[in-house]
Structures are given as structure tokens and as C-alpha cells.
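Below is one structure, written out as C-alpha cells; comments come after it.
Labels run A, B and C following the written order; every chain starts at residue 1.
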């Protein structure tokens, strides 16, 4: 209200014929789906999940076209290799036996202090062809024992693998050719007394073993075709496994890609099938109503009570699949046969609810036929529920497949699936965690993405959430 | 209330019968009767089976015998462990699995309701964000990985502290029960937390909460008597199926933590195709589940009067 | 007309609301739902707030009672003085929350306004336990009495039942019982009869009147139904687009309507008056967009008597007698007297 009195002239009071048009709303009008899409986009987590799902689809479908390594090929040279940079091997001349190092012991004299340990050194650079170590002789020792470990022996005196015992006090060297892998080893020397007992103290040498190969070996392994192209000193790039290899030397990345196909195939096909079945069943029940509806729902309740594992096994036998063979088909069949009731119940509930809504009656009063009602009213309104169910069914099925493969009821080797990869990975969990981490990570991210996407879709499509921005 | 109980019990019996029948039908529809396949090698066992199951008699008689056996609770003899009665296997090992499962579900239910309510009350603030992050992790990671991770963590804790805080495997004392039931219940607890959260958010905006505020009730009272009570209902409903999920997950936990429960035997039987054990355990588990679902429904009927009338 | 207790109109009002402004944040912008509402509630009298859907009448009372979630809602201005305290800022007087104690409230849909998992008697007893410190037994016994007072048959049995066994009308009576349990000085009724059939409506209103005469409590009645207003109201405030456009006694509003909107409402009311010849006359058009309320008179777009200045100039309050005013330029000295013949323009002095 103004404090100063307004003054008007008589013209202001002329009656005005106002066009009584409806006020234009400053909010744009949106259709249900546009609104839902807007809300979904605004939900950051759901959007990111959508991107992840798309990326996953690309990975699964397009991945093997780009990364063409065969998941079944075993690269025995790189077993259980953790992820890293492409390994290179230096070309060297073929192996030549080593003469070793001998030393003459100094004369026993009382004045020399008894050294308890022998100092070790590398006689030559350590390679995968041979690790040659030598040590200083110790007067009091009757012999030496050589150990090798992949961890440092400190502090528990975990010396590792005993490689050799040297009872000739003049021989103060050792050549290790046992299963050498590029990496770090700890060699330890322990003095032995005459009866073969070990001294308590020891010396350790940390050794970095470099990967080498000879030209001939390179041909044998299939890394080059012609040995003549290689000269000693060249660096040869070995087959690269960006995510490492598993316990049989198979490339992790390729296995993950193929495993994705299996897991996602089941994870998408099965839900599609049982959701469609559920829709058909549920809408029939909801539409018909009455006693038939009650009966149909009772039957659905019973199906829910059926034990999944048992039926999977039974189908497996029925399809004539033996214990070592792949169980994808029975898994699919069992999933579909036992999975439809949940969707059926949901859809039926929706249909029942929609049937009672005012707009259905209004539409009928205006002369709408049943088919129009179904197409125009019922299906779009159930779509939301169906989409959300689908999106949540996928991770659930992926979990089930992973679980079944984990206990050995799913796909059989060599076909990879994320679940069976986890199974294999758990065995080497402590020493080579990457074999478990990658498949578990992939399962988790996939499941997570679908779950968040389902959440986002439900928030976007659920009418009741609309008032709650 | 009584009528409701009776109705649920009758339904339960019919359901178990349905499970048993379907199992029987499925087993016999499979080409090459599994009960007489190479599994049953010795003459002894064949004779036992024929006597027991009447394998030479027509199918319908077999069925009657089968139902009779089931009704008496006689599940037969294990194929692979000769002369070991399935009943004995179940009786020795089921209580362990049951304890594990019940602990896990209790933990999951109370945790789920509590965390869910907290996230709804402190929506979009730190408690909500933190709890929901953990929840999302827990539902995304497969149960077997969680079990394995749980075990590694425990090993490291024990090693790091130099003393066994909690045993890493095995069964026997209360300490043995803690970590496995925690790991087993984690996934379900996460799921229930989400459910409770959305239920609570809905209830928080409900008309009768507005009335409660208009009555000037203190917020604690509104939370406990009006919000929590109504919001927990969907969680209770879902406890029945949740128990089924815990049962399945129990197999893995038993494997990883070396717990001598029924689940481990079941998985072994599955891998070795020991049919009597598979069938017996399945029907037994089915019956157990039905009983648990009935109990949950009865509890729900006590809490929400509307259900009793329907 | 039902007898009401004689309270002098000079008594100080029980509730004085002054210049209330309420806004909401939505994805489309800020909705200005209430734009400067002021009114008094006299002791022992009924104030009816009338208006069409969306005019802001519910938001007005609910925001005063603190029932609007405060994000996204906001009270940007205004006071509501009750017993000497501005209850917008402070709901606790003498250690007790006034809600449920000094001010009772009933709502539109009784079925969803009661806790479905709690017995009706317990819900009524709650108020007494919290505000009066009764034991559960005492409170429950009193709840049964209250159900009897609101004319629910077999109150003792009913108190032990759950809301879903009650009919709509009975539930509303139960809500009333709940609201008056602590003998409040004001009862706020937010569209109490909208969800109920006509015969029951009349019964509920009569019950309210009866309770009012017994206890002397004031009633704030929110409705869009002029019939309800006619039956119950002493004072009437007509709201449109978040503002009060006319306020006066019930007689003033019905017989001496001074705002074109009020006239419009009356014209749209069905009547069994044989003398009326025209049919129902709806008011054309729709209420203005509250994201961007018009600068001038909010009713401009629908007013049959609009003048040029009405578009840009917000009408001032024109008092017609001490208790009756309208916000309309037609009452300005310069306005032509020949348009809007049915409009009451005050006694010629």
C-alpha cells in the first residue's frame, strides 16, 4: 500500500473490456516422459550410471573387436602377472654353463675373528636366464645353504625356498636357474656346521631379476618369426597384458570382455524374458479380475516358493549337461521360469490400481474402447513400474549368475564369466589380488550402475515424488 | 487374529506340499531316472532305494510313498555318503545354519530400520550421505567377495594387533558367530536401509504426521510412535523374502568361514549331484522358509490391524 | 440462527495476523502464495476464510501453525499475535507448545489425517498425556468422554478401534474430539467438510457450533463453500490470489458484497431461491500465475467491472464501515457509480 495518496485523472476510471484469456503459465508444459527425462538428467548419480551402462555396452560389444587377444590362450611365460606396463625382454646369447667361483680358504688361525655370516654379492647381473651369486668364504663354516624368497626374510627369518646346500667349503658360488621370473628375490646364505645344523644368523641379498630371452627362445614362444632379426642387446616387446594375467596365464582384459558378454547376456536376456512373461501374466490377471485373478496370483505365490538351485540342477540334468560343462541354458531357463512372479504381481497391482482411477471411468464415459484404454492409459502408466523393475532385475540376475558360477554351477572353463573369475581369484587372493579384484570390481560397478540407474528412474517416473523437489 | 493365523498356516502347508510335488515331478520328468543312475552303484543301495521308493512300482504309487516319506520327515539316504541318512545330516548341521541366519537377519532388520530412519531424518546432510555411500557399496559387492574381504580384514586386524580379536574361521563360541553373521547380514541390511529410507521419506510428508505436529507432540514422540511405526511396515513385509536371500548367501559364508552348516553340505551335494541330499535339503529349506514367512506375516498382522481384516 | 454466546465486539481478538507473506521455492521459480494477509479472530466467534482452490487460504493458516515445510516454504514477513506472543517465531508459551493445547486444528481428509496403526482413543489421549500430563488410563477415559461429546455412538468401543473402521463423518468427529481435548481457545478447521457428504456436513457444522457455544472457543473456518460460510460464520474474509479482497461480517458479505469477486462467488452459488431467474454464472478465466503476480489488482483479468487503472495499480483498502472493507478501485471517489450496480458502496453518509 502506498503512503502517498495516489491521484488519478478521470480517464483512468474508464471501464476496460478485458480479454478474458487464460493467464499464460510461465512454466513450460511438459509431457510425462519429458518431465521424467528432465528429472532423470538432473539426478547426477543416475546420469553417471547411465554413462557407465553405455560404456559397459561398448566394452562388451566393441571391446573384443579392439582388443583381439583370445581369452583362452595361455601365456605361460607371464602367469599371474599383475597389471603394468608392457614387459620387455632383452635379447641375450643362449645359455652358457657357469664355472662358478671357488676360493681358497685362509689358513685356520686362532687370531682371525669368526665371522658368523658370509657377505654375498652378485657375480653377474641377474637375469631370468640365470642368477649367479657368490659369497666370501667363512672359516668356521662346514658348508653353506642357499635360500630364496619372494619376500624379505625380515623380521621373521622367513628365508624361503632352500635352493642348495654346498658342503665343499671352497665352493662359494651358486647359480640359480629354478623357475626364474622377472622381479625381486631375496637370496640368503646360512652357514652350516659339520653336522648340517644351521647358524642363526644369515645374510641376505636383494636381487632384481631382469627379463631376458635368447633369439631362439623368442621364436619358440612365438614372439618373432625369424631369429635372424634379433641381435643380442635388442629389446623385444612381449605380449602385453594391460590388466595382467590369471593363474593360467590368460589375459585378464580379454577374459573380462568375454566374461562381460556372458554375464550381461544372461543379465539382460533373462530379465527381459521374465519381465515380458510377468507383464503378460499380470496384466491378464489384473484385467480379468475376480476369481481367476485370485487363482492366478495364488499360483504365482507358489512359484515364488520354489527353490531356485534345485530347479537349476534339474534343468541341467534335463538338458543332459554333465558336471564339467557349461550351464548357461539351464540357468536362463530356471531364471525365467522362477523369476516372472514378482513382475506379474507388480503389473497386476498397477493395473488394478489404474482400473479404479477416475480417468479410466471418465474415458469410458467418453466412449473409449478397451483397446484404446489399454494402449493410451494403462500401458503408459505401467511403463514406469516396468522399466524400474527391469533395471533392478539386471543386477539381481548378474549377482545370481556370479554366485552360481562361483559355486561351480554356472559356466564351465574355459568360458569366462565374472563369477567364475572371482572363484578362481579367491584362491590366490593374498598373493595375486588382481585376479580377484578386477572381476569383483566389474561386477560391483555394473551392479552399482544399474542400481543407481533404477533408483534414478524410479524417482523420475514415480508420480508421488513430484511434489518433493 | 486367530482366523488370519489359521489361514496362513493352511496356505503354508499347501505351499510345502506344492514344493515337494513339483520337486518330485521335476525329478521324474528328467530323462534317465536320477534315482537309478550310475550314482547308485552298489547292489545294497539299489535294493534299499527300490524298497524305499518303490522304484519298480507305477509312478503314482511312488508319489504316494514319496509324500508319505516327506510328511513323516524322512528324506532318505545320501547317495554319496552311503548309509548316512539325510535326516541326520539335516539334524546335525541345520541348527548351525539357522543360528547364523537368524543372527544375520536380526542384525539386518534392526540395522536397516535404524540407519534408514537416520538417513531420512538427516536427509542430504552428512549422516545421510555417509550411510547411503556405504549402503551402495554393500549392495553392489557380491556376497562372496564381501565374505572374502571380511575374512582378509579380520586376518590383518588380528595380525596387526598381534592378538586374535575374533576368530577367522570355524564355529563354536559366540565370538565365532559375530563376523560371519555380520558379513551375511550386510547385504540385506543395506537393502533394508534403502527401503526404510524411502518409506520414511514418504511417511514424513504424510497427512497424519501433519496432524501430529498440529497436536504439538514433541519430535521424539512423533518419530517413534508415528513415523517409525508406520515406516517400518514395508520393511517387515519384505523380511520374508529377505530371509530367503540370507539363506542363499549363507552357503557362501559357510564356505568361506569354514562353518559346518547345512549350506556347505548342500553345495557339496549340488556339485556331486547327490540327489537325495539335494531333494531333502531343498524341501526342508522350502518348509523352513514357509514357516519363517508365516511368522513374519503374523508379526505384521499384529502391528498393522488393517491386514487382519483383509 | 443458532445461539452464540454474547461476546462484546470490543474484546481484544484472540489471534491477530498482520501482513503475512509466504513464499515457496519450486523448480519453476518462487511462488508467492500469500501476499500480505491480515485478519483478527474474535473470541468465541467464527471467522471464515473463503476463496477458490489455490488462493492461499490453507497456506495462510498452516504457515502460522508451522505445518509448512520450511524449505521450500518461507515466511518472509508478518506476525501472528496470540496471547501476547508472536507465534510465527515462537510456538512455545509457558513451556508448552500451543499447538494441540491452546490451538486445535482439524483437516480436510480425516482418513489420511489419522495414524492408521494407532487406536483412535490412543490418538486422542496423546494430546492429554503430552500437554496435561495425564496418565494413559486417565487420558483414555477422557478420550472416551470426548468421543461421546462429539456424538459418536458407542464411544467406549470406538475408542479401541482403528481409523479404518470409521466412516468419514465419524472420523471427522474423532478429529474434532482430538482437537478440543485440551480446551483450546481457537479451533482451526481447514476445509473440514470438503471430503464429506452434504448431510454429514451439516451435522459436523452443527457440532462445531454446539461446541463453540459450550466452550466459548473461537473458530477459524477455511472453506470454498459459501453455504458452509452462511451456516457458521460470524466474520468472513474473502481471499483471492494470496490476498484478502474483502472482509466483514457474514451479513456484510452476503447482503452488502463490496468486491466484484465476492459478487462473482455469489453468482456462482447454486440457490433454491425461486426468484432467481438466471442459471449458475461461473466466473470466466483462471486465477493469475503466482510465479509472477500481477502488479495491479489480481482480479483484473476476470473482473467484469475492470477499469484502466486497475491493471497497474494495486487497489487500496476502502473501509465501508468499521468492520467491513474491500480492496477495490470501484470505491475510489473518482470511480463511476453506474457500473457494478449490485456492488455495495457503503451507506451514504
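Worth pointing out:
Keep this in mind: a contact is a pair of C-beta atoms (placed from the backbone, for glycine too) under 8 Å apart; a residue touches a chain by one contact, two chains touch by 3 or more.
These numbers were taken from a predicted model, which means no experiment stands behind them.
Centrality by Cα centroid goes to chain B.
If you tally contacting C-beta pairs for each pair of chains, A-B comes out on top. Chain centres computed from CA atoms place A at the largest separation from chain C. Chain A and chain B have Cα centroids lying 27 Å from one another.
Averaging C-alpha coordinates per chain places the centre of chain B 54 Å away from that of chain C.
For this pair, chain A with chain C, the centres built from the Cα atoms lie 62 Å apart.
Residues of chain B in contact with two or more other chains: 205.
Within the complex formed with chain A, the chain B residues making contact are 14-15, 18-19, 22-23, 26-27, 29-32, 34, 136-137, 139-145, 148, 152, 201-202, 205, 241, 248, 251-252, 255, 266-267, 270-271, 273, 278-279, 282, 285-286, 289-290. The part of chain B that touches chain C in the complex is made up of residues 205-208, 210-218, 221, 225-226, 229-230, 233, 303-306, 309. Chain contact summary for the complex, chain A toward chain C: residues 1-2, 6, 8, 10-16, 18, 20-27, 469.
Those residues of chain C whose C-beta lies close enough to touch chain A in the complex are 26-29, 72, 284-289, 291-292, 300-303, 305-311, 313-314, 316-317, 329, 332, 334-336, 339.
Within the complex formed with chain B, the residues of chain A that make contact are 301-302, 304-311, 313-314, 317-318, 320, 323, 395, 399, 402-403, 406-409, 419, 422-423, 426, 429-430, 436, 440, 443-445, 447-448, 451-452, 464, 467-468.
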